[in-house]
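In this document, chain identifiers A, B, C, D and E correspond to the written order of the chains, with residue numbering beginning at 1 in each.
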Amino acid sequence: QSADKILNASYDVARELFEDVNAAFVPKYKADTGKDVTVDQSHAGTSKQARAIVEGLEADVVTFNQVTDIDFLVKNGFVSDDWQGDFASNASPFYSLPSFLVRAGNPKNVKDWSDLVRDDVQVIFPNPKTSGNARYTYLAATAYAREAFNGDEAKVKEFVTKLFDNVPVFDTGGRAATTTFVEREIGDVLITFESETTGIRKEFGEDKFETVTPSVSLLAEFPVAIVDKVVDKRGSRDLAKAYLDFLYTPEGQKIAAENGNRVRDETVAAEFKATFPEVRLVTVEDVFGGWSKVQEEHFASGGLLDQIYGER
Amino acid sequence: MQRGKRPPRVGDNPAIRRTLIAFVLVLGALLVLAPLVVIFTQAFSLGPAGFARTIGHPDTRHAIMLTVVTALIAVPVNTVFGIAAAWAITKFDFWGRRFLLVVIEIPFSVSPIVAGVAYLFVYGLQGVFGPMLDSAGIKILFALPGIVLASMFVTAPFVVRELVPLMQAQGRDLEEAATSLGASGWRTFFSVTLPNIRWALLYGVVLCNARVMGEFGAVSVVSGNIRGQTNTLPLHVELLYHDYQTVGAFAAAAILTVLAIVTIAAKVLLERQGAGRASRPALAAPTAAPGNAK
Amino acid sequence: MKIRLDEVVKTFDTFRAVHGVSLDIESGELVALLGPSGSGKTTILRMVAGLEYADGGRILFGEQDATDIPVRDRGVGFVFQHYALFPHMTVAENIGFGMKVSKVRRTKAEVAGRVADLLRLVKLEGLGDRFPTQISGGQRQRVALARALAVDPKVLLLDEPFGALDANVRRDLRRWLREIHDELGITTLFVTHDQEEALDLADRVVILNEGKIVQQGTPEEVCRAPATAFVMKFLGDTNRLRATVKDGIASLDGLTLDAAGCPDGPADIYLRPGDLEWTSEGDGVAATVSRVIDRPDGRRLSVRTGSGETAELDVPPETVVAAGDRGVLRVVRMRVFAA
Amino acid sequence: MKIRLDEVVKTFDTFRAVHGVSLDIESGELVALLGPSGSGKTTILRMVAGLEYADGGRILFGEQDATDIPVRDRGVGFVFQHYALFPHMTVAENIGFGMKVSKVRRTKAEVAGRVADLLRLVKLEGLGDRFPTQISGGQRQRVALARALAVDPKVLLLDEPFGALDANVRRDLRRWLREIHDELGITTLFVTHDQEEALDLADRVVILNEGKIVQQGTPEEVCRAPATAFVMKFLGDTNRLRATVKDGIASLDGLTLDAAGCPDGPADIYLRPGDLEWTSEGDGVAATVSRVIDRPDGRRLSVRTGSGETAELDVPPETVVAAGDRGVLRVVRMRVFAA
Amino acid sequence: MTRRRVLPGLPLSLGITLFYVGLIVVLPLGALVFHAASLGPEDYWRVVSSARAVASYRVTVLSALAATAFNLVFGLALAWVLVRYQFPGKRLVDAIVDLPFALPTAVAGIALTALFAPNGWFGSVLAETGVKVAYTPLGIMIAMSFTSLPFIVRTVQPVLEDLDPTLEEAAQTLGGSDRSIFLRVILPLLMPALLAGLSLSFARSLGEFGAVIFIAGNQPMSTEITALLTFIRLEEYDYQAAAAIASVLLITAFVMLAFTNLLQARALRHTARS
């Protein structure tokens, strides 16, 4: 007998998105199969989510904003290692990129990454160690610097260190950083997913903030996967698959786009073209040679990031 | 001639007195009262309707319920434990009594995060009992039991700490008297011991309850954050806070604050009944029998 | 109920508080345990009650070894030094407690009736609804006794029952306890460090020192024939004069006194202030008055003997005497103990 | 330092604890304030010390009105009933405290020297390093006194200094306090509710009742000529027999006694147990022995007179008498007070 | 001969106690220590002595010390004022002293942040004077002071209330000034209680998380507290390191408690009423 309830473990800031998705998915599934189902949501930092799953949180599907956290599930045998083949587009139905949010009128005249290391600019983004969001920020800045300094690693490090020096508050998650920027009015630039900048403008007033899209940014794929170990135990594979598949349907894609994500479906993408400015995107594969290498070189204990912290 | 007054005691000098009172009032207002005010100001910054919207939301309501259920389990269990521990520690001499008291007090000073992590190590799938429990189909973490356990850890010392000093001061005479009059152990406890510790016990329970309802760190680690299922009220505050619902977060915080105020009011009432510090010497026997010296 | 202690020993950690005490208490007897602080009185009483276990020896209740009887079944009424009244219960509830918890079921009316009887017995009619904090020390003491009596104890044990009270109240309660005992005839053991109280109240006095019994007997026996110098001193004011005994004759400052039974050698002569008389001349020890203290019932003289020893004696209030006067101490009675 | 209390009044809330007390204490005198509990003794002492303000009247230290002198400058040494030793200081530190905090600077060595002197004075050499909890009650009392003496007080005030001690210890300390007073000659006022203590120790005894002075005088004066029945009763055991006075003659159970100065009408005859003698026949009040209590220094008889009144009297230990015996009470001395 | 006990219930009550303490307190903490120990001594040392960890200890300990020192003054003054003086609103002050106990720490954290952020009520005023509170160690200190204030007040207050007034009077008659009486008599007598309060307050501050993270700024090497570092290590899936750092907190807290228990017993040996 198959389960009529699944749990979607997702990242911190995707609550509104998946609330909308669920609202559309549940009736559709009922129409298709005649079954009443429930989709529960759990939102937290994706590392915490992955850890919780390994410790026993029975999530049927994960919708993360980080490949590394799914890799952690793979490593612990919760997700099969070819999960990126299970769904189209590297199993990431939508994506985003680190983008800038500045205060109305862009008083500090921030245009690109190079402006962020100016002495008069304060930058807000969360701690890359605890926030997937910030990892992209870190990597995007590094990618930019590598291009700008033609791969001179010393200068790259100097650039990134300077960027970190300009951060007055390190929050543990993306939303906390947003609060610091918006409510506490600290900092001149908030770096976060483009999907977030859209949401913030919507939430706090289009007249208060502006989005600035840098010249180059990093492709942030939001991967999804079925947690094999859990669905096998609970007998919920079909439902889980149907749920994730739904994200690829035009309807699902449209919801994603409405929530500020860039989508794969071309028709839908075209429809939202005005919302998403052109930007040159580089990938982790291209610049850093893959997530596992990034993890090892940058984020592991004693890695480049720690060195940057240590030098502060 | 200063008639009718008492001669000045230490610190009765008016300048010192006024300075100290002012110092305490100003700092108290700035440090303790102001946060309270800020919570309510923010909670009602969108008017009562905004407040009501948060409170009315099913997730908030579920969080309130979960918090209440947790308290309903954790507080009575802790109460029983507190009474048993206080009884053992104060009515008998045994080896390691002091050490036991120190161990019981540990949760007071252990970071709740550490507590949460420690629970992962026991009941997590990677922990000591996790796999065993999992194969038996028992869910502890990311479900009510985990939340309750973590809450119990954090509040384990509350009742004991209220009872032990009082019962120590009361000595064993009353129980010995009851026993010599033919009362059984239970009877002695319920008819003689309990009535004399009831206010302190209640005070301990009230504080324990406040803390259970307000626990954040430890519960956050073991809860799983499933909305509408394993989100307690303090976690819900954080969640709303991170959902750009500052007003909602403060509204939920306001509920917790009201609970805190109710707790304090209860405490003040209890103290007037003679609980807590107010009662200690009053109930105590003048001196303990020789056998009771520690 | 007859109680027998047979070579009872009690050690706390390494400190031996009671050294092989043997004692028989006859049924209906009122016995006082008298001794200085720390002599083990409370410990013995608590062992009889079962609130403390003996390390050695036996305690018999009638023919039965009491070790096997738990406190609650021993049928002892224990009156604690500081009363240990239940502060949250009224006087009546305190008294009724033992009946309520007893294995013998009693109706509410029975309990109430008996409580009323006991309140009458201890002369506290009308105070049943008060709480212990609302009555005086002497009244609390009586409630404690009534509470102990309510369970029809076979043995009544009282630990310094009047210790915390005013002298006047003590005297009253003492009489009254004696009357209650005479009326009910319960075997009673009570502890005190007040000699007057023990002598006034008990059929038999057991004098303890350092965990051992040093003498036991009726008040008359212990007063008239103290077994040791300790007992003599412990029972009341004494003067000690040094003497030498030879062949049953003690010689003291030229005076000779009968000391039959005392071994030869140095000895101490013990005299109470009333055992001496002050005369201007005659047979006796020459002395000089060093101080006169007026007391309501007479005058007390501090004197210094020719050999430089000091003594005190009481003279009638009319006696005309002042510091510096010389005279003679006449020995009316005395006891000799080998030094 | 001469101290004068002039119509001193003290009211707590609405309760008047001291009613216009006037009292002169000469320089170097040792005066006892004696009275039952609640008679205002402590209150008077505290007012003299400056720990309480009088509501009315004046207190003079020498010629100066004491009201203007704060406690710390009054130069009084106060010995508290429960010693009030600083528990966190050693005996030596306790004694040295006053010198350390004084406005007069002293070197460490000076302080230490004086502390050693005082320890010798109070016979506590070698105990300087103990803490108050590590010494006995009597020793604590002596430390308290040494501490008070350390500041060279002009006046020494002691509130029931021996109240909490054993009878034997009290007696010793009493002598010793007298000696210290004689040696140092400090004006001393001490409070007690123990008659024996007051009479034994003081040059002059002030008897208080309900906040008023009822009599003051030397021990001999108050003992031999108690001003009121209250004083008579308060000073020691008394028997009261009812009589009728007519023309200065009291008649009592057929016996007539001199009652000069007593107004006609019903009167009470007060007798101490030593004021009566027991004879088998002769002139006196017929009585029956109801109880014989053996005491170390004699036997006490409870008797009932023909008219049903009870009395107690002391007889020598050799007296052969038993409950039920009939005999006659001979009145040796007595006092009559109008009823 | 086994010592028998007069009052009933030792096996049951001690059984419940040991079972509960074992299950709820000792087991998880034991698992944690075990986890940390599985690192081996070298790795353990490396983890707990890394520059970042050491920096976090420094921030945590210094802030906790500062908070405790602040509470020593403020808490003592509060206790003193509440016991010794009468003034309008005293009951209210007495009541709100317990607020930090009753208020969830996360709520306290949010509220304090809202107050002290540069655009908050106090923060904006302070900003003009150039003082920054939120996102600095000062902010951490304030959050710690807030949550641990009642410990000191509530341990000192009853002792001060019960302080025998005759001791003070004795010192007055001996010529002591207010100052010397306070320093030499009253303060030493409060010491055992004060010590207990200080150690509880300090231990609590060391472990405080909920109230601190909102206001701390969480900058590695400067405003990152040890509890947060534990949390971060966990986020990095580095369980053993998390356990190791947590064990440092745990051991510190335990040693603190045991030590003050000892000190207190020592102090009480002399000051206990006989």
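Descriptive notes on the structure:
Quick note on the criterion: a contact is a pair of C-beta atoms (placed from the backbone, for glycine too) under 8 Å apart; a residue touches a chain by one contact, two chains touch by 3 or more.
No experiment lies behind these values; they were computed from the predicted model shown.
The greater number of contacting C-beta pairs, out of the two interfaces C-E and A-B, is seen for A-B.
When every chain is reduced to the mean of its CA atoms, the largest separation from subunit C belongs to A.
Put simply, the C-alpha centre of subunit B and that of subunit D have 54 angstrom between them.
Chain centres here are Cα means. That of subunit B falls 15 Å from that of subunit E. In this assembly, the C-alpha centroid of subunit B lies 51 Å from the C-alpha centroid of subunit C.
Per-chain CA centroids place subunit C at a distance of 26 Å from subunit D.
Looking at subunit B, one finds that residues 126-127, 176, 179, 184, 241 touch two or more other chains.
Residues of subunit A in contact with two or more other chains: 176, 183. Across the assembly, subunit E contributes 6, 114, 120, 181, 231, 234 as residues in contact with two or more other chains.
Of all possible chain pairs, those that touch are A-B, A-E, B-C, B-D, B-E, C-D, C-E, D-E.
On the side of subunit B, the complex with subunit E involves touching residues 9-13, 16-17, 20-21, 23-25, 27-28, 30-36, 38-39, 42, 80-81, 83-85, 87-89, 91-92, 94, 98, 100-115, 117-119, 121-122, 126-128, 149, 152-153, 156, 172, 175-176, 179, 184-185, 188-189, 207, 210-211, 213-217, 233-234, 237-238, 241, 249-250, 253, 256-257, 259-261, 263-265, 267-268, 277, 280-281. In the complex of the two chains, the subunit B residues touching subunit D come out as 1-8. Note for the complex: subunit B touches subunit C at residues 173-174, 176-184, 187, 191-192, 195-196, 283, 285-287, 289-291. Considering their complex, residues 37, 166, 195-196, 199-200, 218-220, 223-224, 232, 235-237, 272-275, 293-298, 316-318, 332-333 of subunit D touch subunit C. Residues 50-52, 113-114, 117-120, 134-135, 213-214, 217-222, 224, 228, 231-232, 234-238, 241 of subunit E touch subunit A in their complex.
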